[in-house]
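As structure tokens, the structure follows; a few thoughts come after it.
Lettered A, B, C and D in written order, each chain numbered from 1.
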Amino acid sequence: MRIYEYQAHEVFSSHGIPTPQMELTRTARGAEEIAKRFARPVAVKAQVLVGGRGRAGAVKIAQSPDETHEAASRILSLHVKGERVREVLVQEALQIKEEYYLGITVDRSHRCPVVMASPSGGVEIEEVAKLTPQRIFKKLIHPLVGFQNYQARLLAFSLSRNKERATGIADILTSLFRIFEELDCSLAEINPLVITEDEKLCALDAKIVIDDNALYRHPELSSLGNIEAEDPLEVKARQRGLSYVRLDGEIGCIVNGAGLAMATMDLVKRYGSEPANFLDIGGGASKDRVSSALDIVLSDRKVKAILVNIFGGITRCDVVADGLKEAITRMKLNLPLVIRLSGTNEDEGRARLAHTKAILAGSMDEAARIAVREAKK
Amino acid sequence: MSILVCSDTRVVVQGITGREGSFHTAGMKEYGTKIVAGVTPGREGERVDGIPVYNTVKKARQESAANTSVIYVPHQFAPDAILEAADAGVELIVCITEGISTLDMIKVCCYVSIRGSRLIGPNSPGVISPGKTKVGIMPGAIHKEGSVGVVSRSGTLTYEVVQNLSMSDLGQSTCVGIGGDSIIGSSFVDILSLFEEDSETQAIVLIGEIGGRDEEEAAAFIREKVTKPVVALVAGRCAPREKRMGHAGAIISGGEGTADHKIKAFEEASISVAESPGNVAQILRAELEQEGDRQNL
Amino acid sequence: MRIYEYQAHEVFSSHGIPTPQMELTRTARGAEEIAKRFARPVAVKAQVLVGGRGRAGAVKIAQSPDETHEAASRILSLHVKGERVREVLVQEALQIKEEYYLGITVDRSHRCPVVMASPSGGVEIEEVAKLTPQRIFKKLIHPLVGFQNYQARLLAFSLSRNKERATGIADILTSLFRIFEELDCSLAEINPLVITEDEKLCALDAKIVIDDNALYRHPELSSLGNIEAEDPLEVKARQRGLSYVRLDGEIGCIVNGAGLAMATMDLVKRYGSEPANFLDIGGGASKDRVSSALDIVLSDRKVKAILVNIFGGITRCDVVADGLKEAITRMKLNLPLVIRLSGTNEDEGRARLAHTKAILAGSMDEAARIAVREAKK
Amino acid sequence: MSILVCSDTRVVVQGITGREGSFHTAGMKEYGTKIVAGVTPGREGERVDGIPVYNTVKKARQESAANTSVIYVPHQFAPDAILEAADAGVELIVCITEGISTLDMIKVCCYVSIRGSRLIGPNSPGVISPGKTKVGIMPGAIHKEGSVGVVSRSGTLTYEVVQNLSMSDLGQSTCVGIGGDSIIGSSFVDILSLFEEDSETQAIVLIGEIGGRDEEEAAAFIREKVTKPVVALVAGRCAPREKRMGHAGAIISGGEGTADHKIKAFEEASISVAESPGNVAQILRAELEQEGDRQNL
């Protein structure tokens, strides 16, 4: 779960990481007032949970309250990668001497946290990794002893040989790692960490992503923003225990299992169309869950055909068929519905759908091909 | 020989009295797996499906000589269960439980390797050596005894491929679900090296998906160390960036972990990549025939 | 540093370990009042920092307030191994069905904490270890993962197969380990942990010893009682940076290094006397430190002769000699003082003491022999 | 050959700019030890006694090829310093610092052994191979080159014994102070096994004291594995129970760890025990003569 920048800044600040003066607002008027109070140039930054807001024009520097009003007004009318901007953060603009990158994430191959630092801050770290990998310093963190001061110093001295500056960076790294552990993060990042003209350290941006699997340990975080919660359909799906992500295509997909769902989407694309969504009904789905899934997929107006692909293991094909049949009847379905059932009780499942308008396919390949064809009709 | 599990496998089920645990215990037993003990704290003396239940894995091991554990306990208790199995000297630990926190798994994996146990999962469908033994939740009936090793990060997608293989008369030596999480006990490389050494395995199918670098590392390993034919399949070509596709593992962040990147890695290592689950068997058959021709030269 | 039982009980209680109803008092009158309020039989327990108070008669059960008064009055007049009893703890007496032992300490050989549990509680665990070692269950705790629930269960089920009881014991073990880690203990012990007639768990006794080397992390503990702080001379020595322990003999010892100090004491005994103290002046001692050492040893009235044994490494013999000379002059010494100086600057040291009444010895053997002889004169 | 340190030893001093660090650096240099680098964070570029100072051990290693570290930093910073040395791949780490907390040392020792470094101490006077190199704080002049290996838990008591040996013309191969704390990186047994394997060492002196079980384990090990003559000395016969005698290690709790118990363990393993530091040399001489007689038979 990603949290908003302003929330991440609050976490930073409460852990002793220096952050700029800032305030949150929902209106251009409010932004102007904040700029007046700060009485200095400000940055106006869209609060969204997706990346790439800079390129989308959703971050602007304003020299005056008037300019702030204008910038905020423009940003508040934007969508970034489909996410509507509802709030902006107004932050004092600093005189910047240098920009660093600090980040902590999980190294899957080494099975441990990795702390990264780079003197090339302010740009996307993936670009730095590609173009000048030698400018990213990394330390793997052994779970026995955690992040030690010597590691913080090692990274800090890689960024600056100035003792005071290195000490400050090491302290921030130590705090950042504490946040990473305490909040069960999968990412904690400062980009850029700046040195101001008066030689002060300040975390200009703040990014925290929390491990979904650890959210149960952090009830205090459940109230915070959430990327999946942005889309009303995604919220609804989550409430019904379905893993659903809305996409841009026209084939609604209902599948059991994440890997099979992705493979199904890939097939849709291969046959010349695009999936309207990712939807995993999970293992051993009940009739109700299946019925809800169809409900949600049908609520997406872009959908022109529905593709159901079930491989019954724990999931029973007859139960899935019952759920589908119930939903078809209830919702007076008038879109093409292509169903492929395989595995546990597949014959019973097929039998139950025999007298509906659903099209039964013999394999997932066939099912995808038919669904794409039907959608194009 | 198969890998990881065989007819000598003696299984203790952790969480045997739970809904999942008891359901799949019945399924494994039916398949012919030797389930020799179960563990649920405080339920010692009871029986599930005729199998004796113990309070601790240590006691279960002492009484039953189990060498393999399969874990069905809820996610909050799963790290403790894995540690308990490792500490009790269980050789192979298969963790079915999904939803374990990443930082917990980091410590758990480190401890398991210190203890010298092997961990499969978490969030794994399990391991099956068709005709011999099944340790997990996969439907046994779709499998067929044979010489194809299958290793995968996902569940139902694997079943799809396995069914396709079986229907094409390509039986399996062992099918291993390594699990869909970002931190897992055994990687593709770990399992590939077992298949390479296994005399019964003649070809390998690898089923990957977006996220992480496990497939890229597998490709490099195959190029260097694997002499047997390998066919790969990668799910998630059209998954968008920064969206989470179900599995904890299946998220792309930054440039890394895209399906295209992984497919390119396989292709550069001269490994055949199937376009869909439906043509894995066909490609593998062609590979095996080529291999046969080569050997006949 | 050992803390008092009542303080350990407070720590237990704040960590959720069930403890009996109890109050502390300095008077027999106070004890009687507490017993009246409790309105039931009580245990009156001396609060001392040394072990063996049971055998010293410093723990008594009283059936009535009158008996409580009498017991407290007697206990408050006792010394246990030289430590005067200043306070007693009045604790409700429980109906006991079973007594267990739980303890956590450091296993030096395996370099990790060890958690121990035994069904033979209420007696000294060392006795159990000697007579029935199979009745002590141990779990070594790996520092990577700490004390896990399965280990708590494993030990708890070794004590009782009753599920509720075992769960209760496991919870207490988990709390005890948390205390052990949080307070940097070298020992955390409950002996006995009892099951009452109404099947409740209760920690009757509480023992906590804190690692002296970790005290700097626990300023909150520095106000608590301390075995070394009991003796005024020991307090004074500590303030002056000397490691001093008062003993019962007549030869005052001043040595640099703990091992050498013990070997010196052993020699004193070998030659037929007993050391009056252990005193380590530490490495590289200054003139002042040496002078203070002599000061402290001379404040002990039992001392009949003083034995100084210095092996100069970092410590300079001339500096030691200057300190001794200064103290001899200042304090008008009238006890035999035997000095052995060896190592760095020994000739200069000996030269400086040439015209004092100090007896210079050539080896530590000789020095010990002379000191014992002089003391017997 | 000596053990642990020899003329190839290249030392980095952690905490070189501190009072202790700079003082003992001079002493080691004077003895002939190759001090090749020092570390004090933030002081890179300075020199102490002509020795270059670096911010990190990693950098110091890169620049100087140091293989041994000696640590003089204050106790709060010492665990970090040991971990840094181990992580940088230093083979031998000698920690002079005293007063490190026990729970910290437990983690540190575990990490050091995972990394494959060897740790001596903490609270150790160091290691010296007379005539070759000195890594620590012991007075060099009392030592003499020879073939007696000395291993000890204490400082000045060791100097006393060593002086006694040297004056009796019993030179030393290596003298190792393993440290007076309860958790130390290397035990008597670790060092004894090195002496046993060392061709230059012909006899061993072991200096123990009250507390712990290290001497008892040493006695058992000597009986089983050590073929060379050993003389033991145990300090603290008249130390009272439950009183702390300076060293963190030197406390007796319960029945364990008394001097009598340890002496008994040595005697039962047929190891000669000296009654005082003054008669170690004499007993050792007798042992060596006996050994000589035996070999002449």
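Miscellaneous remarks
The working rule: contacts are C-beta pairs under 8 Å (C-beta built on N, C-alpha and C of every residue); 3 or more make two chains touch, one makes a residue touch a chain.
What you are looking at is a predicted structure, and each value in this text was computed from that prediction instead of being measured.
The minimal number of chain-to-chain contact steps leading from chain A to chain C is 1. Comparing the CA-atom centres of all chains against that of chain D, the greatest distance is found for A. A count of C-beta contacts for the chain pairs A-B and B-C puts A-B on top. Put simply, the C-alpha centre of chain A and that of chain B have 28 angstrom between them.
Our note on geometry: chain A versus chain D, Cα centroid distance of 55 Å, whole angstroms. One inter-chain figure worth recording: chain B and chain D are separated by 49 Å, centre to centre, where each centre is the mean of the chain's CA atoms.
In chain B, the positions touching at least two other chains are 107, 110. Contact with two or more other chains is made by residues 142-144 of chain C.
The touch graph of these protein chains has some other shape, matching none of line, ring, star or complete. Chain pairs recorded as touching, per the definition above, are A-B, A-C, A-D, B-C, C-D.
Chain contact summary for the complex, chain C toward chain A: residues 143-144. For chain C in complex with chain D, the touching residues are 50-51, 81, 106, 108-109, 111-113, 124-126, 129-130, 142-144, 181, 184, 186-187, 211-214, 216-217, 227-228, 243, 245, 247, 255-263, 265-270, 274-275, 278, 280, 283, 311-314, 342-344, 363-365. Chain D meets chain A in the complex at residues 41-42, 44, 55-59, 77, 80-81, 83-84, 87, 107-108, 110-111, 114. Considering their complex, residues 142, 144-145, 148-151, 153-154, 157, 161, 163, 166-167 of chain C touch chain B. Chain D makes touch with chain C in their complex at residues 75-76, 99-107, 109-110, 125, 137-139, 142, 152-160, 163, 180-183, 187, 207, 209-210, 212-214, 217, 233, 235-240, 242-248, 250, 253-256, 259, 275-278.
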